[in-house]
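Look for chain A in each of the two complexes below; its partner is chain B in the first and chain C in the second.
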Partner chain A sequence: MKLKQKTTILFLSPWILTLLIFWLFPLVYSLILSFSEYNVLSGESHFVGISNYLELLKDGDFWTALKNTSFFVVGTIPFTTIFALILAILVNQNIPLRGLFRAGFFVPSITSMVVIALIFMNLYAKEGYLTFLCNLVGAPTPEKGWLFSTKTALPSIMLMDVWMSTGFYMLLFLAALQSIPLELYQISDTLGANWWQKFRHVTLPYLRPMSLFVILINTIKSFQIFVEIFVMTKGGPLNSTLTMVYMVYETGLHKFRMGYASAAAYVLFLVILVLSLIQLKLFGYGRTVED
Partner chain B sequence: MARSSSTKRILLFLILVFVLIGMLFPMYWMIASSFSSEASSILEISDLLPKGLTLRNYIDVWSYGPFPRFFFNSLFVASMITLGNIIFCLMVGYAFARKTFRFKNVLFLSVIMVLMIPVHILIVPLFLIIKNLGWYDSYFALIVPWLVSPLGIFLMRQYIQSLPRDLENQARIDGAGEFRILFQIVAPLCKPALAVLAIQVFLVNWNSFLFPFILTSSEKMRTLPVALALFQGYQTIDWPHLLAASSLSALPVIIVFLFFQRQIISGLTAGAIKR
Partner chain C sequence: MKVLKVFLISVLFILFTCEKKQDEFVTLSWWQFWTNPEVKPTILELIKQFEKENPNIKVNLTDLTWSDGHEKIVVAFGSGTAPDVLELGSDWVPEFSYQDVLLNVTLEAEKIKNEFLMWEPATIGEEIFGFPWILDTRVLFYNKGLMEKAGLDPNKPPKTWDEFLHCCNAINRLKPDAYGFGANSAERHRLYKKFLPFLWANEGRILSDDQAESEINSREGVQALEFYRRLTQNGMVDTQAMLDEAFNHNKIGFVISGGWLLNDLRKNHPEVNFGICLMPKPESDRGMPASFAGGEFLVINKKSENPQEALKLIKFLIHKNNCLKVCQAIGSGFPSAKGAEFDPYYRNEPYLSTFQEQLKYAISPPPHPKWVYIEEIIEKAVEEVMYDKKSARDALDEAKSEIDKLLR
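Take a look at the complex of A and B:
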């Protein structure tokens, strides 16, 4: 009996160790750091109470980062979700080559973010593809390229994000669509329902849990936007693409202000947590299809 | 009636073709530019075709001193992490699926909770922990923290739960130890799930940037994404070479995807759908 327990613990040990060393300890450690001033060079650390948090409130960069990040989240998620849903419905129809479409739309999701960011830097260049397209239709273009203007840099990155994440969420919606029992549509047909009524009363209620999930994970992911910023703009021009995680990276690993960076990271953590809970509440988590 | 539905289908088809072109254009552009002899600006339609087809960029990139090393680093790190996940997620998933032990629910809840934690919170503390362990700028830093993934545990537990217990019980009666049961009886039955897990873990780590970037500093420890991101300095960018290097990072994945589409898709969407 004793031996059996020992093997079980042995089986569980990889997770227990990873959980303790690489998840729980860092979480607690950075919470402690956020209340201290930690000097990496001398290794000295002392408790400063909530002064890091107070400093954040007065830090213009922090508010800029929070504003940009929120703008990014609010400006991408509705588009990504709606496009993903539309595409899912389209590739769920009986049309030729639909396997090809599903695979093709998914390709951006398996490509490294760094590679995608590099390609789009080229497309967004002064004489790049986007400028070319705008010239075709006579739309105005920024003088030095799309990533070098404070007005267009962040929206350009947002456009790229919608492009790259739509395929992934499309597949999630597709899985949800395919789980809807066909009989429901047959019954609606015999009742003489049109496509909108079927969509409104059969499809949408069934998609509710997946929609919640899609919006939830996209929110968590989007609030953490970093790689795109690091590769494409480094937060510039003039902080117009400075995001929360970029700020954490810069204050922590560039200016070596570990305590201050941890405080900023925790604020973002709380923002994400609160928004996730609100979303769960708004969407009525646990409500079933029947009601 | 029949006519209007076939017109609809053609229209639908055309819309999808149009979207597909939009989705794949950036990929096309990367490949086309990587075979061009000169960096081109796009001023007219004809500029959308590669100019002066050449393999030169690829040859240059591959013979550029550290590039093979970057490629090796990515391959080595992603392979080691994948191997670790196959073994450890199998062990942990098996324990969760088959064993009873104290704090089982709490421990399983920890797996789900960790899946939801935004990883940015780890940037500063993980950097400091790795430094203190003396692992900074080494393969340990790139590999050890990711050897067992919560999503993998979740996946394996679900899969093992769905397997019949007869074979395990039979082996137990025959006197086989727990390790033998796991690796000789259960593991072979788990092949489909392990394939999904392996491909998913490999893909995520092949593409990963943030932690390989913050946990290393020397050129020889860079993985492909890190090298690519740092390759472009502040000077003018040498696009044909940079995009050839990008293709060398992205194309293996896209080719593998075309072969293992089903496994990749179910791996990447697993966390979502199983919930």
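Take a look at the complex of A and C:
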């Protein structure tokens, strides 16, 4: 091996080792665990084949969790993406206090999740501001407070999530917008294109790779929703906010059934994998703007 | 002569080092939850004193928080990095005991059993897995100002369920300014602690004596759950933290809470005119004012290399005087040592005497290896009734059949 190669490997080793030990190993190990009954405390483990997966199919909580998580994903991603795009286009204009707006929209995504959850718990309380606002305009409010009614609990958390994550995706879109060559807009102007034509034929095609990235990571992140649930509702009321990762957490760390929890986690992994592949296909990954 | 001198010195040296070896230096690790600035200095002071009395032992303290302490402990046991001594909440002691990670301390505990209270959560069958340290329970907090506003006598807190419901209903009519009862939302691992006292008060039980079947759907159980449903309908639903906060701001008339709320009220909300009383009884001549037995326990890791030293530390900490110092710093809670309640400190504390009285009726759930599942079933039943999905009878019948399935 050449000295240069050795140096390269040496310098890469901290990252590679971390990847192997803390990422790849747990990934493979949990796959093995999903085929066994493993008690994390006693350390007892024995192979049970696919019985964990079969049990999942019959587990009502699992289906509830899968349904809630899917609802969460489908209900948040379109809004987050569209709001992020609109905000990005707005703060990309020459408006006064542009820096302040950009920073302001981004702040929620770097604020501690727990802090945000606590703030929203106050907003959503029975006597909180949301109820107050609804009363002002005469809109109906849930009887038990927004987070404690089976119908409004999950949508309330989804609304918070949209508010929280929009800023981050706005920043990504903003970066993509700024990479569009200005000449293209100038040419469009000389050709007499209106704003919609410019948006449709210049902006959108250039945003496609970033849109794919945004939707992809947002899908992955949304399927893994946990902290919000842990802090705000613990899966209740009546399992209306029970999500996949929260179910995995309860099963593994409270019922000590790591094998069963791993099986549930692997089902989640497969769901995310398949959806990601579909998204890549739909967005035509690898195509360039000119295609 | 010189040879003899050298010989003597070397013999002395060997003897000296041997002596030293017997009295080897030991480092004990202890994980505990008292992180707030009022209590932590007392804990540190006690450790210093312990190290002074036992110069061969050094104590390494690690702080945990209630929000993620449970996970950290589980992971530590799973990975073999758990400390020698741990503080556990009363509901966790049976949970970890059944998982066979705690040292069986039956022999040592038997010796001092008569001098301390509340061994139940740490006792499984005939065996004991931990030492009670600080006892705590929940009492009923009531807002005197709101009672007066609702036309009730603020000096006569409810003693029976009927009176309780009447008071909650009267205050609830003040809404949206105030609500009657502060009902816990469906918080896992907490909701059952709020419902079970009513079941116990009504002389109902979760399991039969031989733990072969569930008795939760008895007439007493159904009555208790039906009463709980009516209570929650005369109030607001929220998490414990938000309920405590609402009580701090004169928003709810009644809340079942613990010493932490008492401290918060006295320290940060002197304007709130409140009182505390025993949990109400089903009827004046029937049942009892039952509450949930909380508290802190000290346990030893089964794999500890220094069980003797760990035991020494625990015995030091649960000693009446030492524990009293911690309780004084906390502002609530009682030493597990019998007779501590006669200390002048408690005689001059009007609120704490109520807690002390309530402790006599503090009950803990029956230890069972599948408790975490039983707990889940009970919480589901309570939720279904709170949200009018099922009648108390139907919900508990189903809970019984599910628990029976587990017990088989």
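Going forward, the second predicted complex is superposed on the first by the 276 of 291 C-alpha atoms of A that agree within 3 Å, B and C clash if a C-alpha of one lies under 4 Å from a C-alpha of the other, contacts with A are read in each partner's own complex, and residues count from 1 in each chain.
By definition in this document, a residue touches a chain if its C-beta (ideal position, glycine included) is under 8 Å from a C-beta of that chain, and two chains touch if they have at least 3 such contacts.
Note that this is a predicted model, so its numbers are computed, not measured.
Taken together through their common chain A, the two structures put chain B and chain C in a clash. In the superposed model, A:235 makes contact with chain C only, not with chain B. After overlaying the two complexes on the shared chain, residue contacts for A:33 are found with chain B alone; chain C is out of touch. Of the two partner chains placed around the shared chain by superposition, chain B and chain C are both touched by A:127. Between chain B and chain C, more residues of chain A are touched by B. When both complexes are overlaid on chain A, the residue A:255 reaches chain C alone and has no touch with chain B.
Shared-chain residue A:142: touches no atom of chain B or chain C.
With both structures placed on the common chain, the touch criterion links A:90 to chain B but leaves chain C unconnected. The superposed model shows chain C running into chain B at a single listed stretch; among 7-15, 43-51, 61-69 or 277-285 it is 61-69.
Note: residues 40, 121-122, 125-127, 253 of chain A belong to the chain B contact set and to the chain C contact set alike, using the contact criterion stated above. Put simply, chain C touches chain A in their complex at residues 70-71, 74-75, 77-78, 96, 99-101, 176, 179, 185-189, 236-239, 242, 246, 251, 372-373, 380, 383-384, 386-387, 389.
Chain A makes touch with chain B in their complex at residues 4-5, 7-12, 14-16, 18-19, 21-23, 25-27, 29-30, 33, 40, 87, 90-91, 93-97, 100-101, 103-123, 125-129, 131-132, 163, 166-168, 171-172, 175, 210, 213-214, 217, 220, 223-224, 226-227, 230-231, 244-245, 248-249, 252-253, 258, 261-262, 265-266, 268-269, 272, 276.
Of all the residues in chain A, the ones that touch chain C in their complex are 39-43, 121-122, 125-127, 144-145, 147-148, 150, 233-238, 250, 253-256. Residues of chain B touching chain A in their complex: 9, 12-13, 15-16, 19-20, 22-27, 29-30, 33, 41-44, 47, 88, 91-92, 94-95, 99, 101, 107, 110-111, 114, 116-129, 145, 147-148, 153, 177-179, 182, 203, 206-207, 209-210, 213-214, 224-226, 228-229, 232, 237, 239, 242-243, 246, 249-250, 253-254, 257-258, 261, 264-265, 268-269, 272-273, 275.
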